[in-house]
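One structure, as structure tokens, below. Some questions next.
Order of writing sets the chain letters: A, B, C and D. Residues in each chain are counted from 1.
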Amino acid sequence: MNLDDIKDILELVREHDLAEFELERDGLKVRIRKAGREYVLAGTAPAAAPVAAPVAAPAPAPVPAAAVVVDEGVPLAVIKAPIVGTLYRSAEPGAKPFVEVGTAVTKGQVLCIIEAMKLMNEIECECDGEIAAVYVENGQPVQFGDRLFAVKVG
Amino acid sequence: MNLDDIKDILELVREHDLAEFELERDGLKVRIRKAGREYVLAGTAPAAAPVAAPVAAPAPAPVPAAAVVVDEGVPLAVIKAPIVGTLYRSAEPGAKPFVEVGTAVTKGQVLCIIEAMKLMNEIECECDGEIAAVYVENGQPVQFGDRLFAVKVG
Amino acid sequence: MFNKILIANRGEIALRIICACREMGIKTVAVYSEADEHSLHVRFADEDVCIGPARSADSYLSVPAIISAAEITGADAIHPGYGFLSESAYLAEVCEACHIKFIGPDPNVIRLLGDKARARRAMKKAGVPILPGSDGPVQGEENAIKVARELGFPLIIKAVAGGGGRGMRIVRNVEELPGLVKTAMREAEAAFGLGDVYLERYVESPRHIEIQVMGDHHGNVVHLGERECSVQRRHQKLIEEAPSAALTEKQRRKLGATVVEAARAVQYSNAGTFEFLLDATGNFYFLEVNTRLQVEHPVTEFITGIDIVKEQIRVAAGEKLSVRQGDIEFRGHAIECRVNAEDPEVFTPSPGLITAYSVPGGPGVRVDSFVHSDCTVSPYYDSLIAKVITYGRDRHEAIARMTRTLEMTVIEGIKTSIPLHLKILNDPDFVAARYNTSFMERFMPPARNAAKGPLAESA
Amino acid sequence: MFNKILIANRGEIALRIICACREMGIKTVAVYSEADEHSLHVRFADEDVCIGPARSADSYLSVPAIISAAEITGADAIHPGYGFLSESAYLAEVCEACHIKFIGPDPNVIRLLGDKARARRAMKKAGVPILPGSDGPVQGEENAIKVARELGFPLIIKAVAGGGGRGMRIVRNVEELPGLVKTAMREAEAAFGLGDVYLERYVESPRHIEIQVMGDHHGNVVHLGERECSVQRRHQKLIEEAPSAALTEKQRRKLGATVVEAARAVQYSNAGTFEFLLDATGNFYFLEVNTRLQVEHPVTEFITGIDIVKEQIRVAAGEKLSVRQGDIEFRGHAIECRVNAEDPEVFTPSPGLITAYSVPGGPGVRVDSFVHSDCTVSPYYDSLIAKVITYGRDRHEAIARMTRTLEMTVIEGIKTSIPLHLKILNDPDFVAARYNTSFMERFMPPARNAAKGPLAESA
């Protein structure tokens, strides 16, 4: 799948005036939603990657890139869980949450804590902007890749 | 699959100017060859037949209908083996074959013999016409449904 | 040993026989109807012959087609599997005339045991416990009433040529006897071309116990223990197991010895199954002999480690049995579920395209099947699509293993009986082995449940 | 007994463990990387947790991710399977600290036996035959030469923290020793972060024999007989079998007793495998202990009838072993072929979409797999896609059964090692059990065959 393929698909989608188009095959996933508010285009597999050694030396996991979603012309960054664990929205029990919808945030600001193996991992914001959505509740277990917050970039 | 579906397929084939079209699914097989000499359209499964009793009382097998093939505008009837056995082209060893290419034949005329369980089964022609092709050799084993002869109907 | 075996069957049992032949280095010939052209048994046989159209009567049941296929391929033996022509004395005779070895008992033995009244007499003579009965076809109404009064009620009318429940009627009192005898005779006449019926005492809700035997042409006969097949729905076995929880070790030895003696008395060779009813007070009564390989033979293979199909081939080729009675050890417990392509609630067949198929592995699991993903289950034949057999150190482990195996089996595109099997496996009475041939009544849909018809036994 | 077990693995072994848990009525938690979202182990676990991206280091090898997954799901035990973290003393320690039961030996036992030099000393002390060696890391060139002269040539340099052939070198004379020691140390340093190496006498073309043990926390240890795994390609086992044709009954009993004694001496609990080299004159030499479930455990399950995974879970929960040594009977012969998604001639991996998948049934066949039709074999992990295990009354039957099973296996869309397995199964030396760890050299492609590298042992 390359850019031309995607262009062709989009052309087809336009031509047929589709609302949604989804293609999933061999670890590749394309989803296009037309005539609406949200466009997502995400590739989930590197095309024919060279075979990785089955047991590689440990290395820190890269935090998954925030998916960028276009909402009414304003780019939205979705912050996802980089680790498995229990999520806390505030620094300590009973304290005020780090952020709420509408809170203005800056890059590097702590949005929540995920506890894993008794360690409190601070999850930082990856861009400047304003919290547009909160997908999680205090004390909730989160898996790798779960959506935590949406930030209106700006 | 009904006549309308077939019409639609033929329309599509015409529209796209296809040379051949083949569709095989659930025991149904459609093959269309355009711009040529031969058209075959054969359904191999009765559509959603009521479930047959697994062990029905024995009854004589219907001889499979001769497939009708259109060759340069002249209809050809293909005679197929109605039983498994050894095929003989003549009444006894060394005798002249019952028919050859070009032999004029009439309905009911013996075309060959198939031996099964020491019984000699005479295979009769199903229409009037002329032998257009011989697909089998003397002494050859034949399976149910094997093509034996083509008869130019007329 | 044979050079080439023709397998006069289809589906899982054709594949099962191909497996045995390949292990023995014997070539195989598959026969198939037009509906089975793309079947796995055609793919994995060394040669294949199309023998007719989809309808069984014109293909898998056609003796001339099968014999001709054997002749044009030069096969020196025919394995009939189960069903179709497997109990056809006629096929066995034609084979003999054509110098093709029929892998089964001799035709006269098939004929003797296929006639229910003659088989009864032969078994009685050999010392096998049989139900009190008319010892031959009933002769008119007066004779029937006289015999019935001697036997007592309830009793059962059975067709001499019977099978599958046809020509059978349960009689609860003398008033209904004459009418039911007439109905049964008409039904038998229609089904088998022979209206003769006989009377036998009727056992209420018995357990179905059967003994597997194997004989060779050197006078050796062994039994491979029993199987219990009491979970039946209208004479169709749904779940089979070995050993039976209803038998003591002493009963097993005694019944086994009786059957071996009887098999020897009728000069039985090859594989066969002696079926019995076990009543609530612990008495066994002879039911019939199936002179062929049984669908449920894998449970016996699991607990004995003996490959019954290979043994069949060896003895048909004139070799001696590879085991003596003393060598046969029973170890653990095995259960078979017959997975059918049918609605698990109303039992209507569900042929069609299988879009996804996956069965789990792990220890103690065997799956004999001919289906796979993207394969079509034909409406023309039996609805059995897979036999799932599990083995455990004990009955508890075998049941737990069966449950997890069926729960982890994926069959999409058609309906199967798996949900019904899971219900049965979870039933406290089944788990406690407190069951008999009436067990399935509670799982029947209400409408059908009320429908009349002879219940239990046979199959 | 445990209420819920988290399975810290993927593929066929994750499914194998799910099977055992379901049979025991224990709930399961699957963990998975983003690449395994649609895997069967995720489908059939009661709960599932995504623990990271495709790369193993960030998912299946991440101790924090696994422990967190156990904590958020409330799992009370972790089964590590094989590979990944299965021999991680660290994971076992963290489990202990978190009050989660690690299903495997105690962390100190894992640590002791994971250090090759310490394990050697412990085994020597327990009376296990070991190869003459340096009894600890070599200290500089002079010391190495001195030790080497005492041992004699050929000898082998091994990394203390070793595994998988890295940090290993065969030395044929004293001249090449200093250079090879340096190379091995560099390699060990790079691979394990620890450059220590030791010297050991080198056995030419040994057979690889291993003994399965099981211990509980009540001081009971039993052995489940041996497996022979001499068919290896670059430390990768391709075919395993039990019993080994190379052992007499007396040797089996003696080696078994020695291993049980040694396991008891180090307070071994749970499942483990003691690996040995068997030289041409019939001497055994300790190689290493794998402190985990082994890929090839099904061959032992087949000949003993014991479910090793269920036994692991039972003893981890504090129960006693369900069998004593006297109860364990070895019956028949079992063989395993590891079917890999790889080119059968040049051994390059062949991931991709499986378009058709079918494995035959019949008696004595077990297939542990996670693949199915329309499933994608990921390039990120091990190439093992199915373990085909067959059982027979004897070695001959097990081989014949394996051959027909592989011949009747359909896997389309990717290349597999099945053609190579069939070549091996047909090899007269393999059939006669005349083979050792050099056996596979003749099946290697010429280019690779010539390539240098430490041959044989381990894996």
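Quick note on the criterion: contacts are C-beta pairs under 8 Å (C-beta built on N, C-alpha and C of every residue); 3 or more make two chains touch, one makes a residue touch a chain.
These numbers come from a predicted model, not from an experiment.
A.B. asks: Quick one: how many steps at least from chain A to chain C, stepping chain to touching chain?
C.D. replies: Step count on the best path from chain A to chain C: 2.
A.B. asks: Where the centres are mean C-alpha positions, what is the separation of chain C from chain D, in Å?
C.D. replies: Roughly 43 Å separates the two chain centres.
A.B. asks: Could you work out how far the Cα centre of chain A sits from that of chain D, in whole Å?
C.D. replies: 39
A.B. asks: On a C-alpha centroid basis, what's the spacing between chain B and chain D, in Å?
C.D. replies: 59
A.B. asks: Counting only residues that touch at least 2 other chains, which ones in chain C make the list?
C.D. replies: As it turns out, chain C has no residue touching two or more other chains.
A.B. asks: Please list all residues of chain B that touch 2 or more other chains.
C.D. replies: none
A.B. asks: Looking only at which chains touch which, which shape fits best: line, ring, star, complete or other?
C.D. replies: Basically the chains just string along in a line.
A.B. asks: Go ahead and list every pair of chains that touch.
C.D. replies: The list of touching pairs comes to A-D, B-C, C-D.
A.B. asks: What residues on chain C touch chain D, complex-wise?
C.D. replies: 12, 15-16, 18-20, 22-25, 40, 44, 298, 301-302, 305-307, 331-332, 356-358, 360-369, 372-374, 387, 393, 397, 400-401, 403-405, 407-408, 410
A.B. asks: Across the complex, what residues on chain D touch chain A?
C.D. replies: 34-35, 49-59, 61-65, 67-69, 71-73, 83-84, 94, 98, 349, 351-353, 376, 378-382
A.B. asks: Contact residues on chain A for chain D in the complex?
C.D. replies: Residues of chain A touching chain D: 26-27, 44-45, 48-52, 54-62, 64, 83-86, 115-117, 119, 141-146.
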